[in-house]
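In the two complexes that follow, chain A is the common piece, with chain B as its partner first and chain C second.
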Partner chain A sequence: MIRFILLRAMWGVLVIMSVVTLVFFLIFVAGDPAVTVLGPQARAEQIADFKAKKGLDQPVPAQFLSYLGVMPCVRKDSPKYERDDGSRGFCGILQGDLGESYSHHESVAAVIGHRLPRTLLLASLAVLFELIIGLSAGVIAALRRNRWSDTLIMFATFVGISLPTYVTGPISLLLFAFLLGWFPFGGYGVDPLDHLYHALLPSLILAVAGAATYARVMRGELIETLRHDHVRTAKAKGMPMSRVVIKHAIRNALLPIVTLIGLSLPFLVGGAIITEKIFAWPGLGLLTIESIESLDAPVIMAVVLMFGVAVQMGNLLADIAVAALDPRIRLED
Partner chain B sequence: MRSTPRTERRRPTRWMTGAAALVAAALLLGWVIANFPRAPIGPRYVGAGHQTPRSGGTFIFAAGSNIHTLDPHFAYDTLSTAACRLLYDGLLDYDYDGNMIPGLAAELPKMSDGGRSFRFTLRNGIKFHNGREITAEDISWSLHRLLSERIGSPGYPFFKSIQGAPAYHRGEADRVEGIVVLDEKTIEFHLDEADQTFLNALAMPFSYPLAKEHVEKLEQAEGRDAVGRHPVGSGPFTFSRWERGVQVEFERFEEYWAPQARPDRMIFLENISSDVASARFRNGDLDVVYRPSKVTRLFLRASEAWAPYRAESPSASVFALGLNCELPPFDDVHVRRAVAFALDRSKLERLDPGQVIAATQILPPMLAPHDPELPTRQGFDLERAKEEMRLAGFPDGLIEPVTLWVRGEGEVRAAQLFQQDLKAIGIEIELKMVSFATYLKETGRPRVAQAAFTGWHQDFPDPSNFMDILFHSRSIHPENSENRSFYRNPKLDAILDRARPEIDREARLALYAQANAILADEAPWAFLYYPIDMFAWQPYVKGFRPHPVWLNEYRNVWLDLPRERVSQSIYEQETGP
Partner chain C sequence: MDSRAFRRFRRNKGALGGLVLVVAVTVLGLAGPWLAPYDPVEQFTDALLLHNGLPAGPGIEPGHWLGGDVLARDELSRLLSGARVSMLVAYLATALAVLIGVTLGLVSGYVGGRLDTFLMRVVDVVLSMPFLLIAIVMQRVWDAPGIWTICVVLGVLSWTTLARITRAKTMEARELDYIQAARALGLRHVRILARHVLPNVMGPIIAIATILVARMIIAESALSFLGLGVRPPTASWGSMLNDSQSLLLGVPRLTLYPAVLISMAVFGFNLFGEGLRDAFDPKD
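Up next, the complex of A and B:
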């Protein structure tokens, strides 16, 4: 088990490293960050000043090594650029330094620090809704197989999977926020309870596709499990149907769901990009769009790094959780 | 196929259940549609009816993206500028006609030395938000901070004409020679050469003074970017709090030197897209909306009830097709003129009604010396376009197609309209869609893009801010040229170099009028349109009107509270049966 986790972690680090390298160089293929951040009104002189300040006048490989933290700092405006003894310091990710945002006038860590909790709130609420709605709908559909309620649920899941958030989002805003006034019209609110209230509608919308998927998977798995011998035995013993389902069937049917949740975590953060845009939710998704548009390289890199870590962690956790739930599965390489 | 009696009995039952369910659903849908809440057709709230301005209330406005900083020395985008306009004040400012007026200065500066020296006297009773009186030393200290290499402000190029500023910026001098504090209330600026636009620079947020003791304490404790998070300025509002990416909150500054009725608080919401902002505005949750979504704009324009509470005015921008004067075929002035005459700009006005005005010259309508009757003005004239093609030696059109760079879907649509126009004079256009980042990088290099969508928004209201930067040969560089059409004309350069330092306003405008005529005639840009901005505000918002220089200017707003919710039925008559 430990060996498996170590190997997977090493593999994960390798994948993350390659992605980081690729994106770093892609940013410079896409355009000139200094020119893009400063915009169409910028004077040549401002661009030159900015480049010198941020080390963007250095060769790209040197900037990359400095970003990694294996070569001395090239960013003149970094507090670590010059050590007290006059030698050059290091200011890369190895030193835990994500740099300073080009457009936000704050360290990248601070920028992410504002945004991450907001996206996590949205994503965790969405997972909660996915599970509550998806699993209960799946169980009902499985137990009432081929009855009208099953048909209705399956039809609803089909619609749910097919409708993208950029359709459901604006419609729900129009209906529930604008016309009915039940929910606030986008935004984040000012205090914790207000944040939660503002998060309800976007997280429900974010949960639609996931809930529909879970419902279908749950239904299929549960129908399959209900046919198993141990379930039949339990029924034959005279156990009430509700206990049979809860104790014996659902637990088994949950296995693929757990894997799905693990795999979906990074997509919840990623999928939140569109949802955040529609609901004016100032989280990581909006930050990602803005920083790509303005080529705010340090922020783009940090976001890529975080998504990479999230994907790898999600996969690893899903594998471990499945092993914990199913004693027959042994984690080996 | 054989069927059992049992299924025969069940089938009609199921069919009937289905039909009943369908009927029920249809009835439900009908009920929902009939009772559906309707969007308001007029304002939801009206004011209390006070005639004299009064303080109080909370004024809420919003923008579509982030405020980058509250440090005026970095405020180079419209949102940061808007926020800084509430928190800070400069020596000079602009009135609602775009004229320069004194701000912290008691009066406009006294000029001497042929326009190379400016002496300012400060007002009495001007205070920072921490209660300390602002002195000439503060003005000087803040400009030194702006110009220092350590800070690296993008504002430096606007102030480099001050004597000794470049040396100080490079770290070769301890002080900027040309900034001289004469006494507590008097400060003098000496320039290397006469330059009237220096006063415009002094009206930009870059020059707004900061309290030295506050800045030094903050930078020590929290690092250089701390000022942008906890600003202490001298403007009509003090900083209250900033939830990053969500909203900035302001409170009225009681000791402001120009007391007048203002709201108690202001809230500037960030990251509210135009769709969300428009809907919130119609709900009465926002007090003003700027550049509403297209649907809302059309609705507001059509609504009688909203008519007194909206304004449309051209923004200080111009959009155009930039023609590269170094590359064939646009190295020939006749081909450039042919393009300028071939474009039927009225199509754009039809494509986006009320959004644009056809552009005829580089200067937008509100900026002197814009001249609607300019003899060399550009405009649609197919015969003249064909004549220019003959003069260029291409009576049957060009053989090679021309590549036009476009930066987004909106421009593709516009470009497709012009494709037909240019085909009529024998110019085949191929579109090349590029990202904004690629566009900025590549069009700043000589001999890359033949033609590209381009534009400019003024940094400050002066013709030099359009002409010097965009068309002076000095603005051509091997990388990052501001002159993206690579237009060189010694005659134009000479006129611009004479106009910049000219003290006499009439003589100065006359020179820019000449330059304006040359640019329209020589057509390094085929001008397309001036965009129109729409503002709408709630009936209880008083004292607001669009400002020609500051995009979101809410310093003079007051609220007629308490607001009262109106029944929507009062609007029923207006729309008729």
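Up next, the complex of A and C:
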């Protein structure tokens, strides 16, 4: 088990490293960050000055090794550029330094730290809605199998899977925010309670596809479980249906659902780009778009890094959770 | 498709409904630009722009059945020519993904060993790539991004599921007696793969590819919705959603038309694909 986790984690680091390398060089193919950040009006000496400060005048491989933290720092404006004894310091991700944002005039860690809690609020609410709506719809559908309520729920899940957020988002804004006035018209709000209120509609929209998937999985598992002998025995003994469902069926359905949650986490955390844009929710998704548009390389790299870590962690946690829930599964390498 | 799978498919009403939708949107994509009554980029500022600055509604101006869009262009013509772009991108990107995924999956599953391990690691790396980010960066790399860039980006980033499924099925097929026999006879590997293994793994590939078309429709529209897909003034359903964002409250119909079409297309391909999957691989 420990061996498996270590091997998987090592492999995960390798995957993340290759993605980071690829994106780092891609950014330089995409354009000149100095020109994009300073704008078309910038004078040549301003651009040269910016490049010297950020180390952008160095060869790209040197910049990359400095970013990794295996070569001395090339960013002259970094406090770690020169040590007290005059030697050059390191300022890469190995030292836990994500650099300084080009357009926010703050450290990348501060920018992310500012945005991450907002995205986490959205993501955790979305998972909550997915589970509540998805699981209960799945249970109802399975218990009324092949009756009209089952057909209706299954049809609804199909619609849910087929509706992209950029369709449901604007329509829900139109309906629930504009016509009915139940929810605010996007934005983030001013105090914690207000943040929560502003997060409700976007997280519901974010939860549609997940809820539909969970409902289908739950229904399938429950139908499967209800066929088992021990469940029939439990029913014959007179165990109320609600307990049968809770004690046996939900437990069985937990496995695939935990896996699905694990796999969906990176997309909830890093991939809510479209939902955040529609609802003007200033989280990591909006930060991603902004940083790409302005070629804010340190922020782009940090977002990619976080996304990679989230994907690998999600996969690993899903595997571990499944092994913990199901004694039949032994993790092998 | 063998006859049992075909019968199972025919009994599945949802799948048949999906097929009808798929045929409908495909025909729309093929014939759309010819059916369009006007040039989709021509502006009718006199006829389709009202005095309050909003576009004219449906039926106000004769001939412009769905009225005008944000820039006073004929909405119906844009929807119809947008159908071509959206469907073309979806089909081409899927074709590319099938080409890459199935080839790598076949080779990986058939050859096995170190090559297999390596190729599956490549799958892991591609899966860890932030899709939108790569798509956006690629758009900037190719200075004149058009429909082709989007197809390549979408195709290159979405072959992983297909590769995994094809690999698993190929590994099963490899052990079948007649394929062992073909190998023992010394047939060339390429021939064995193309003539004997591929037909065996075709069913699930077709089903996954169909669902992938739905995903590609969503992905293309998502990029265009973010203003990173097809360039204006070209219309795609996603870019029309993007155009209409500013008038969401004033003229909601401009959002609804492309939204309904995208949802219908995605819904159709999903239903059809699921039906195929159930037909090839019945669980109940």
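Heads up, the rule we're going with is that the second predicted complex is superposed on the first by the 331 of 333 C-alpha atoms of A that agree within 3 Å, B and C clash if a C-alpha of one lies under 4 Å from a C-alpha of the other, contacts with A are read in each partner's own complex, and residues count from 1 in each chain.
Following the convention adopted for this analysis, contacts are C-beta pairs under 8 Å (C-beta built on N, C-alpha and C of every residue); 3 or more make two chains touch, one makes a residue touch a chain.
The model shown is predicted, which means the values in this text are computed figures rather than measured ones.
Engineer: Is A:Gly31 in contact with chain B, with chain C, with both, or with neither (first, second, both, neither)?
Structural biologist: Both partners.
Engineer: One more residue to check, A:Pro170. First (chain B), second (chain C), both or neither?
Structural biologist: A:Pro170: touches chain B and chain C.
Engineer: Once the shared chain is lined up, is A:Lys277 touching chain B (first), chain C (second), both, or neither of them?
Structural biologist: The answer is both, since A:Lys277 touches chain B and chain C.
Engineer: According to the stated criteria, A:Ile300 is in contact with first (chain B), second (chain C), both, or neither; which is it?
Structural biologist: Only chain C; A:Ile300 stays clear of chain B.
Engineer: Given the touch rule stated above, what does A:Gln41 touch, chain B (first), chain C (second), both, or neither?
Structural biologist: The first partner, chain B, only.
Engineer: Mind working out whether A:Glu290 is in touch with chain B, chain C, both or neither, as first, second, both or neither?
Structural biologist: In the superposed model, A:Glu290 contacts chain B only, not chain C.
Engineer: In the superposed arrangement, which partner chain does A:Leu316 touch: chain B (first), chain C (second), both, or neither?
Structural biologist: Neither partner.
Engineer: Looking at the overlay, what does A:Ala156 touch: chain B (first), chain C (second), both, or neither?
Structural biologist: After superposition on chain A, A:Ala156 lies in contact with neither partner.
Engineer: Tell me which partner touches more residues of chain A in the superposed arrangement, chain B or chain C.
Structural biologist: Greater contact footprint in residues on chain A: B.
Engineer: A:Phe178 contacts which: chain B (first), chain C (second), both, neither?
Structural biologist: A:Phe178: touches chain B and chain C.
Engineer: Where on chain A do the contacts with chain B and the contacts with chain C coincide?
Structural biologist: After superposing on chain A, chain A residues 30-31, 170, 173-174, 178, 277 contact both chain B and chain C.
Engineer: Please give the residue numbers of chain A that touch chain B in the complex, ascending.
Structural biologist: 30-32, 35-36, 38-50, 53, 77, 79, 100, 103-107, 111, 114-115, 148, 170, 173-174, 177-181, 185-188, 190, 277-280, 282, 286-287, 290, 293, 295
Engineer: Show me the residue ranges of chain B that touch chain A in the complex, using the header's touch definition.
Structural biologist: Of all residues in chain B, those touching chain A are 17, 36-39, 65-66, 68-69, 71, 74, 76-77, 152, 154, 156-157, 160, 223-225, 228-229, 243-247, 269-273, 275-276, 279-280, 282-283, 285, 435-438, 440-441, 444, 455-457, 459, 469, 475, 477, 479-482.
Engineer: Touching chain A in the complex: which residues of chain C?
Structural biologist: Those in contact with chain A are residues 14, 121, 124-125, 127-134, 136-138, 140-141, 214, 218, 221-222, 225-226, 238, 241, 245, 248-249, 252, 255-256, 259, 262-263, 266-267, 270-271, 274.
Engineer: Per the contact definition, I'd like the list of chain A residues that touch chain C in the complex.
Structural biologist: Touching chain C: residues 11, 15-16, 18-19, 22-23, 26-27, 29-31, 158-159, 161-164, 166-167, 170-171, 173-174, 178, 270-271, 273-274, 277, 288-289, 292, 300, 303-304, 307-308, 311-312 of chain A.
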